[in-house]
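The first chain written gets the first letter, and so on, giving A, B, C and D; residue counts start at 1 in each chain.
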Amino acid sequence: MAIFTDKSTKLLVQGITGRDGSFHTREMIAYGTQVVGGVTPGKGGQTFDGPGGRKVPIFNSMDEAVAATGANASVIFVPPAFAASAIMEAADAGISLVVAITEGVPVLDMTRAHAFARDRGARVLGPNCPGLLTVGGAKIGILPGRIASPGPVGVVSRSGTLTYEAVHLLTRAGLGQTTCVGIGGDPLIGTNFIDCLSAFEKDPATEAVVMIGEIGGTDEQQAAAFAKSSMSKPVVGFIAGQTAPPGRRMGHAGAIISGAEGTALEKVKALEASGITVAKRPADIVGLVKAALA
Amino acid sequence: MDLHEYQAKELFRAAGIPVPPGEVATTPAEAEKLAAKFGGTVVVKAQVHSGGRGKAGGVKLAKTPAEARAHAEKILGMEIKGLTVRKVLVAPGEQIATEAYVGVLIDRAKQAPVFIVSAAGGIDIETVAKETPEKVRKLVVDPRYGLLPHQAYWLANFLYDDEGLIKQASKIMSQLYDCFVSNGASMAEINPMITTPSGEVKAIDAKMSIDDNELFRRPEVAKMRDTEAEPPSEALARTAGLSFVKLDGNVGCCVNGAGLAMATMDLVKYYGGSPANFLDIGGSSNPDKVVAALQIITSDPNVKAILFNIFGGITRCDDVANGILEAMKRIDIKPPIVIRLTGTNEEVALEILAKAGFFAYTSMDEVVEKAVQLASA
Amino acid sequence: MAIFTDKSTKLLVQGITGRDGSFHTREMIAYGTQVVGGVTPGKGGQTFDGPGGRKVPIFNSMDEAVAATGANASVIFVPPAFAASAIMEAADAGISLVVAITEGVPVLDMTRAHAFARDRGARVLGPNCPGLLTVGGAKIGILPGRIASPGPVGVVSRSGTLTYEAVHLLTRAGLGQTTCVGIGGDPLIGTNFIDCLSAFEKDPATEAVVMIGEIGGTDEQQAAAFAKSSMSKPVVGFIAGQTAPPGRRMGHAGAIISGAEGTALEKVKALEASGITVAKRPADIVGLVKAALA
Amino acid sequence: MDLHEYQAKELFRAAGIPVPPGEVATTPAEAEKLAAKFGGTVVVKAQVHSGGRGKAGGVKLAKTPAEARAHAEKILGMEIKGLTVRKVLVAPGEQIATEAYVGVLIDRAKQAPVFIVSAAGGIDIETVAKETPEKVRKLVVDPRYGLLPHQAYWLANFLYDDEGLIKQASKIMSQLYDCFVSNGASMAEINPMITTPSGEVKAIDAKMSIDDNELFRRPEVAKMRDTEAEPPSEALARTAGLSFVKLDGNVGCCVNGAGLAMATMDLVKYYGGSPANFLDIGGSSNPDKVVAALQIITSDPNVKAILFNIFGGITRCDDVANGILEAMKRIDIKPPIVIRLTGTNEEVALEILAKAGFFAYTSMDEVVEKAVQLASA
């Protein structure tokens, strides 16, 4: 079991013929993900060569691709100028999970795209996220599959490589994962901590959750309140950015401390006040998860 | 990207918002000339990307051109919160009856633009919102409809009782929203929005930030970037496609990924050190980016040790290793470098580095501890 | 009993100080409608003088008016340029029934206003409609109250004066009404025949329904299909415009035959095919209703 | 309000839609001059508010300026479906590879604009939609979002296989939607939208109707009304604020309310007569409107009897009665008038009319039956 995806997930790749799109399509197929098609306007009718001689049909539009393949998920690798439009196209075509990897999508574009996806009942993950990895099931996005191993821990994070770090540490310590989700570093993301915590709570295979936050916004605080009120499973936290100065954007568009609430200190306080144990450094996550599972 | 007051006012004027005249001077003589041109009392305002200009002495009234010159003399070159003032705005003094605050920004939770208005203008809105929330009215704009006329009226009606003022302010709200959206802003503020004794509503200060991700489609706004207003290292980083923020420690950090970069800085502190910077080389692993990163880090004389923390995913460890070696050839790097590489093509990378006489760690804790030791040695 | 409104309906008048607004506010109050306030921007704090010395408070905005009065319905008399905005303001203020009398509202304005009202869960009646009259309860709009009398017949119509004619004939024949609804003559209306038929079907006091249609669109056809599939109560129909030439707008913006489907003949056929008896002239409605109730 | 082809093309051009050049001539000499100016083969097209211009002989190709003149000579003054041609459009002949249909109108059920496209262009879309629905693609535009890029692509992709053509057509879809919305249209059509052998997509015919209710806020579009193209009686009615449609019967009808007016016409037919017009005097009961209505009705020589059917609501019966008497004074009305008045201020009205020697009915059936009798007498 896992959250949002499983072996039956049928995936389309929007921007399959681009540099990143083609590279990661091969990686996803190699991991075992059912990539049923790709979309690149003007290349409809062509075929994408996957690993092991696998042929993936290419379509001009999501509408055609969904009609032909019965896909229920898509992953977006198109350039920032077209990413919001690609999200809306996917939602309009009836896709229920849209994973937007693209970084640098204008925020105002996303105000409309998120509203549109909500209107159409589609879940968006991201944008500017590494995607999600259901261990032994489907890999949607760019999380490196080899660092994960099956087990009882759910991982949710606003970061990419910091997630790899945490998953790597867990795996090395023999603590496997159900699903690892990178929710993305943008200010406006489609799926937040609470959505993931709620899904992990419902997932019978998940026994503990690692939640990796960072400075900016108040999502972690709200997630902490949710964990306290609505979760029976233990949550272990980590917050990056203790040393980040206020008012400066730390890489991620969403990682900026504006006002007192967005600091790492405030977030750690909120997590601890809700009964979540917080790791002081990434390496401490392992011990805290072990303790939680004991 | 932050705009200067005078730039934000240009965009406001283009949107139809009533903004009194005003021009920019870069020398005291120019300021004097402008004061003479406007006549009467003028205000001389420092143009820096910072709040609190008034308190810092960066905003002064001048009754004569000579006085304007004298003020400009003091303000130009002044440092406000670490930023050097290179321009002043000279504008006629306005008769002020009341001051209000009007702002639009992005509400992360509602995923939409939000208006914040208060009749307590000219002051810090965050303080007002926290201490006296009843003095603030907020309105989340549904991006599917934009700001609707009745909503603009509702905001304006919170500020004024007089129908004439409400109508003018309603119009300004709509214009500000259009200005915000059409310029791809992440924040736009009129503080204060004043009323004059004769019953006019005007924007006498303007603040605007543009979403960096919008600049590619708005070249005319992108041109407004004041590269002089940012530290040279950050300008260089931006050109090279790196995310960089200068800090005041001595451990230079070069990391892939923003979260991991922050966690690395935090770990430097955990081990008793102090990070010299935030630097994310991003997902691509072009060796040139690594070279640029090392150029930027080594240009900081405080840096006593340089630490690489790379978790290869899209980023290939061998590319980073090659970049480091390339940089060693091209630049004279004084501080010691410690490297942690793991993930994609790790083995190849370790071999490349070993050949060049480098030892590479695979644990983040080890490499950070080592870097802190070296920096404090 | 009745549909959409009753004695407890608390009404606000948008545009209360205008020529039509003030005249009809007096009429509505005289009929017994609970007019709890009016809205005219800039006149907030003033008072409207109703009949019998009744004072109605005026507010600057719907938001204030609803907060102060607890109103749940509004009627709109503002000029066409501002009518769509007034509908949205009412829906935004939490009003659940918005009756738009104004004629000449731009259609594109209404595409947005209807979408907004749907998003907010408000029912719009009109625009370009005479409103509705719950006999002995509330009169919202401009239907002349004196022509109606209490009884078992529900009346729904796209027309104004033709509705008066029908109601007048019914009353004179001793056939009283529950609620008379004018849904309006515009192409885009918020409440259609089906909404009203469905409400009349559920209203225990209504025993038969008179439905008065006209040329243009296919609402009558859809209503006929609905009546056949989902109504137990008898419906008597009348369709105006047998002699209307195609392609010409007959007064109402919605009354234009474009294509074969919008003709009176097609509509009469559809009604009869669904078991609805159709009056050849207004005067025949009375006999058909009597027969239906017998 | 219907626009002429050349007017719709002006709006299309302003929206960026590729429309070949073309100019209007009102005389054969002008047409010749334009043909000479464009050179080569030109097309001469009648400008009337009617479909089927081609079949009626209103569209002709001319290889020389002299031929253009000859065609214009025939077309100018021609009657097409009862409308006199007063202008021709002269435009260079285009090389046509394929023809498609693109239209936007308002979908009543969906309460939103709807696109209809078909690769079977140049022909009647209603027939295509009915007989071969698979040749038509429809898209309802959500007014909260407008036409989204992927939707424009989806429409264009139905028409063409070539990516270059699809991109051009997608852009035209977006431009057409913007043109539709920004001009307050109720219908906009490109029929045909052609591709040329060299791979360009162009609009070579254009049709547009503007929502009358939008004209007040678009004076520049309102100016495009061609009053010569409508019967004088209808122009007069519009100015007087009356809804009027001329028919070919002999019973003049003057009614308040559109539904009642139609029902009255129908009742005229029911009693064996034939209505001369649809006329709704509207809700207001200004006596001047009644005078204007009688002027219009009596200007039709076919009218043998005039019938008033007034159900007073907002309309006050006494106002109508006074209007009738006023009109009797001002104009010489030949046909007999029969009157039915009921509702608001009925008693006063009946008294006014009685004093002037008029009998007024209170039943609709009675008055219509009487009018039909008088007209056929």
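Worth pointing out:
Quick note on the criterion: a residue touches a chain if its C-beta (ideal position, glycine included) is under 8 Å from a C-beta of that chain, and two chains touch if they have at least 3 such contacts.
Predicted model, so just to flag it, every value in this text is computed and none were measured.
Shared contact partners of chain A and chain D comprise B. Among the remaining chains, D is positioned farthest from chain A, on the basis of C-alpha centroids. Taking each chain's centre as the mean of its C-alpha atoms, chain A lies 50 Å from chain C. A separation of 56 Å divides the Cα centre of chain B from that of chain D. If you average the CA atoms of chain C and of chain D, the two centres end up 28 Å from each other. Residue positions of chain B with contacts to 2 or more other chains are 142, 144-145. Residue positions 112 of chain C each touch two or more of the other chains. Taken as a graph of touching chains, this assembly has some other topology, since it is neither a line, a ring, a star nor fully connected.
Pairwise chain contacts in this structure: A-B, A-D, B-C, B-D, C-D. Per the touch definition, chain D reaches chain A in the complex via residues 142, 145, 148-151, 153-154, 157, 163, 166. Chain C contributes residues 20, 23, 80-81, 103-108, 110-112, 114-115, 130, 142-144, 147, 157-165, 168, 185, 187-188, 212, 214-215, 217-219, 222, 238, 240-245, 248-255, 259, 264, 280-283 to its touches with chain D in the complex. Residue ranges of chain C in contact with chain B, taken from their complex: 41-42, 60-64, 82, 85-86, 88-89, 92, 112, 116, 119.
By the touch criterion given at the top, residues 106, 108-109, 111-113, 126, 142-144, 181, 184, 186, 211-214, 216-217, 243, 245, 247, 255-263, 265-270, 275, 278, 280, 283, 311-315, 342-344, 363-365 of chain D touch chain C in their complex.
On the side of chain B, the complex with chain D involves touching residues 144-145.
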